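For reference, the structure I am asking about is given below.
Chain lettering (A, B, C, D and E) follows the sequence in which the chains are written, and residue indices restart at 1 in each chain.
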């Protein structure tokens, strides 16, 4: 049983606080993804769990044990680094075995475990190679091998896929997911890619500027983002926002009104959010008119960028659409797809 | 690493550069070429063409024979190798440890201590002879190879080089090892030292070359002929004050002394250059 | 180990970490520096202490101490030979550092492609570094021999008359400067080769596209980006012009008429020929101080340059 | 067996180092209770440094073959011990001991009332000439120049010119430090002068007519007659030029004799250094000294070695091997030596010149004081100064260097 | 007028030919994207156009002028490098001005142009910074600035976005597109990211192993991929393939048959391709049953990975679906969405 629990964890470098009190609990065997923009403190958080950074305040528990002041090597965690940090002077086999050798694991046992890891990761033919003779994806797998061979309580990943190309990223993210299902160890995974976050996580931790903005299952976060920040960070293209006035069960923007079925928002100024994929072209029920600026056909869908009510606005239409710039698209949205945030702080209000 | 030719399109500037380069290389190689030829030239004390680079003679090994006869060369080689490798072995230890400390650890007055190390570079040898000989004698190392080596066991240059090298090693490697359970000395010996090998090779070259060719200090420390080094043997026939001019023998002797280094450099020069590249000196 | 962890866990966590983090680094640093410091203490700091002591001790002949003070420095500064040596060394420094670095740089740029041919040329240029001093001096006596020597022999073919390279006080220092440049350029080249390889190729390509010719690329990219290497080589070269001039003094012993007397040989003479340890020590103190100051200046540049790297 | 070590420089050729080892093996074989090691210690200068450093470090060698003109300083600094007690313990008088050596050698070994050194191998400057050139120039190789006038005359005839450039010099003198001082001593003495005060280490006679005459001769050779190269020529360059036929007459040490004898292709001859007022040269070479601080046992062993090395037999052997002359007069009484002299008449010339030789320059701070003159002479040879002003400067500089010593001795007057 | 024309261009390194004869023509003002897997020769092709690599055979014309042997600087092209190749020792302003300074453009003119470029790229406040003080996206913009300030005939881009994070990539790709529309210079853009290729290109050049596999408008390539390679490379997740038997107007696979309306394929063995987005869950008309292995919810759509007919198979469903592993999904596809390739070489046959 190795759940991870962070209690009011804070971190300062010199006098600057970069993590402002994070509470987080990852249950045993879950795969938690920490996501957020660059510099928001994701790596710092992960490194504190690993023990590579001191904790300025608060405490960290792994499997119930307080590890706040414990040396990294005594935490039984394994970490996969962004650049993999494979030792260039060692073969793949010895890279994988390294942690075990350090602990003085018997030779036989090491061989057995390395072979098993190689099996799991399909590294069979590569064991005698040096890292520089491997492709990016292979290196990534070796880094994984180094982590799993130690059979740690907790896996930590710091953007392990960001050095791979687009195709490989997709493949490897499936592989890591599969591996997690096979091994079942508690994992904390850092990324700034919201697709990775959505697709890989059991739990999503969305960070911003040293604060946790929201914790929840991926779809929960997607469907009910806690703030405009989360709403725009999760989902691609990001959610569209419009300044609106809420009055009773109605939202007004420009000269349009939209019924707010099922929303319990207080009256007053608010920010209205609609995801690009929730808009449909429908001259009948249109509540918005998009003046098209740019069209991105992606085959399976078409992204249309434009301006509506003086705000930049994006629509995502499934399939192929031959839309040209300067056209006007009449857009409709269903009430249950609307998000409301308070105009001032961007917190969700309905 | 092959770099694409940047002067591929022949133009006047490129040709000029090529010519200048050739000229420099010519000037550089001439004394060496002469030395090579003189070493094989029969003893010739008459002609005016001793400087001729044209091998217009039947090569002879007499010069080498005479040089070899002047001293017990096998022993001298052995002693020199012992001194160079012994010095290097200890240096690599001290230099790695100190280099790591300066590159990675945080402690007070680091800068100051570092400059204190650099002081070693600035000292002029003649002034060191007497104090160091006194120290060596007190340590009971007078007239021993260890005495020849001891003053060089710490090396500011090496520390500097290793510091630069360690700085170029990504922190990831260390952190990976820490998470994997390495203690700090395992970290140093099993991760950093192998990764710092280029720096060590670069330093090794510098160190071996300088100790291989060192003369005055071994001469001062060593008395027993069994402990003498190559340069001392060489000096016995190159430095006689009233001696006449046995250029051929001198050339041959010089070759004997320099040959191992020359061969090593010619063979491994690519690795040498690369080691300087990765040593963080850039 | 276990006890240690337990002890630590028992403490208030923040406090334990703090002190553990800081203290262990200082202790560890001390441990790591100790081996070096032991030898430095014995063979650097102890002699330096003695030299400083010696420099401040006034002696009469026969090494009888008669007092302490700055007398040695006064005598030193009053000694015309010292002035001469200082001046010679200045000329020698400028005369060797500038061309040897320039040539080393040119060679490095010219020989940076790692072809087999270039490898051969690099070896040729590096060979002087490998030459043992005791032999190099004797050989160069021949190279510089008037009339018969290598230099005159071939210059004569180009129509030049015979020159007394080492015997003419006006020329001797320049001959030695030439020798030093010959001997050191290959060494410096090695560092420049390393420095060059660290410059990303795409910078050159970008510059080519933007219209930079070979010289433009050198001046606007190579040179500025080689700044740190240059600073490093400069330190080495500076140290060398003071401390590594044995091949010079063995050839001429500072002559003729002191025209090639350099600081190091001056110190050597004072210490080992005139037995004036006080003056030798004073000269040493001044030269070490000067070198240290210059080197620190260069190193600052070096450290600053490293931040070019993102 | 008592272990002793002896420092020795190799002033001539590499082969000497090997021969010295042979000698030691022989000595050790003949003296089973002593194990002597010969330690090669570089040039004379390096031997000097090493000896001093070893003494300072408390590890004095048992004996050193030291350049004869450095002995005085060791005595002034109190670093060597007099040999008198050892001589007397053998039942000999110092007079008798010194009497075995050529009189010219006494000055640098016995002074201040005691014997400080035993001459080991010695030399004088000699005039070497190319006999073939002599013949070609119409000179008689059997009658080489004896006086400065004949010398200048011969040099002029021997010099070969091609327009302004000189193809062959009539004369070359070694101009590097040490060698130059020695040659100047010879010339000054030949001009009736003394060069330094052999009785007191604080006086040199640079600014004197005899020296001025000698220096003017050199200056004239280089600049007036142009029979000698302008600028300083290293000793090695001189011998190379002589071998190469680029110089017809050279002044070099007798130490070079055997080397020239073995390697010279042209016919050559040797002669006294030409005189102006008298025949006189300074001796050179090295003596055996014994540092202070040896145990009785080592002192005794060292003494045995010194006596053995300076014995007629060994002295003669070494002389034949090296070309130096044997300091021990007895050596020349031995049959091998007689044969050798008969076969090598040039060796006889060196020996004959010895009759006119005198002590070698030695003062307080010998090297610096000598260098004071040499720097100025070099300036003259290079055409930078005139002899008179050069000698004034040299004298002033030398006086300056010797002042501390002079003030403690000659000028240390009772008040 | 600066069209780019490549005629039978070949390139060998030593004795290995890596570009096997490429013919390509990019009309004035068009934005052509070269896309293909790593090592296929994209960069080499681009560098030959720039003049950074010699052409082994064939010719290159820019604006009608044969530039095959011409120095890079005389081709009037600008290039944006993958790592930006910003001069680390120069400020942003001087980086941008570099090319102009070399050409001896008057100081005033330089200032004017740099300011204009900075305006266009929103670099105003950064002009005095050094590259290392910039974020990835800012560096990218400086590299663009350096290119546009010279007002070249042709822009070349070598994977200019691959070092940016996912969010930034999306933003910058729009920015480059906008810039191209503003400046109108002929552009050649290399990437291995098919999304970039689809969304940015007027023309797509799909390369594989030194050959051009297909040239065409993005949607054309998406809708009628010329080969299985193109089909699997363009579109994400990649097209699904099944071994099938074509007989008349019918394709058979397993025990299923599918009508091939509008396909003129010869009878015999063939590879059948269906894009993941063209499958719908429909128990009625299902022709395939997918055994689900893994589900990736992405918010706007859900990717379902599984196995059908012993082949790995992926389905992309719009919106949120709560599907669990080990379920079976009945899938239907419309005949016009089927692609047929010859079984041997993978060329399109219908």
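The rule we apply is simple: contacts are C-beta pairs under 8 Å (C-beta built on N, C-alpha and C of every residue); 3 or more make two chains touch, one makes a residue touch a chain.
Since the model is a prediction, treat every value here as computed from it, not as a measurement.
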Chains in simultaneous contact with chain B and chain D: C
Most distant chain from chain A, judged by the mean position of its C-alpha atoms: D
Chain pair with the greatest number of C-beta contact pairs: B-C
Averaged-CA centre spacing for the pair chain C and chain A, given as whole angstrom: 54
Inter-centroid spacing, chain D versus chain A (mean Cα positions, whole Å): 91
Separation of mean Cα positions, chain E and chain B [Å, integer]: 53
Chain C-chain D separation of Cα centroids, rounded to whole Å: 38
Chain D, residues touching no fewer than two other chains: 49, 52, 236-237, 240, 244, 246
In chain B, residues with contacts to at least two other chains: 4, 48, 50, 129-130, 215-216, 235, 239, 245, 247, 253
Footprint of chain C on chain E - complex, ascending: 47, 50-52, 71-73, 77-79, 81-83, 85, 87-89, 98-99, 102-103, 131-132, 146, 150
Chain A partner contacts - residues on chain E that touch it in the complex: 37-38, 135, 162, 165-167, 170, 174, 177-178, 192-195, 198-199, 218-219, 222-223, 234-237, 275-277, 294, 296-301, 303, 305, 316, 318-320
Complex interface listing, chain B residues touching chain C: 1-7, 13-14, 17-18, 20-21, 24-25, 27-32, 34-35, 48-52, 93-95, 97-98, 100-101, 105-108, 110, 113, 115-132, 135, 139, 150-151, 153-155, 159, 167, 184, 209, 212-213, 215-216, 230-231, 234-235, 238-239, 245, 247, 250-251, 253-254, 257-258, 261-262, 265-266, 269-270, 272-274, 276-277, 279, 281-282
Residues of chain D defined as touching chain B within the complex: 5, 7, 10-18, 21, 37-44, 46, 49-50, 52-54, 56-59, 61, 123, 178-179, 235-237, 239-240, 243-246, 252-253, 255-256, 259-260, 263-266
Residues of chain C defined as touching chain B within the complex: 25-26, 28-30, 32-33, 35-40, 42-48, 50-51, 103, 106-107, 110-114, 119-140, 142-143, 147-150, 152-154, 182, 185-186, 190-191, 193-195, 197-198, 201, 204, 208, 213-215, 217, 228-229, 232, 239, 242-243, 246, 250, 263-264, 267-268, 271-272, 280-281, 284, 287-288, 291-292, 295-296, 299, 306
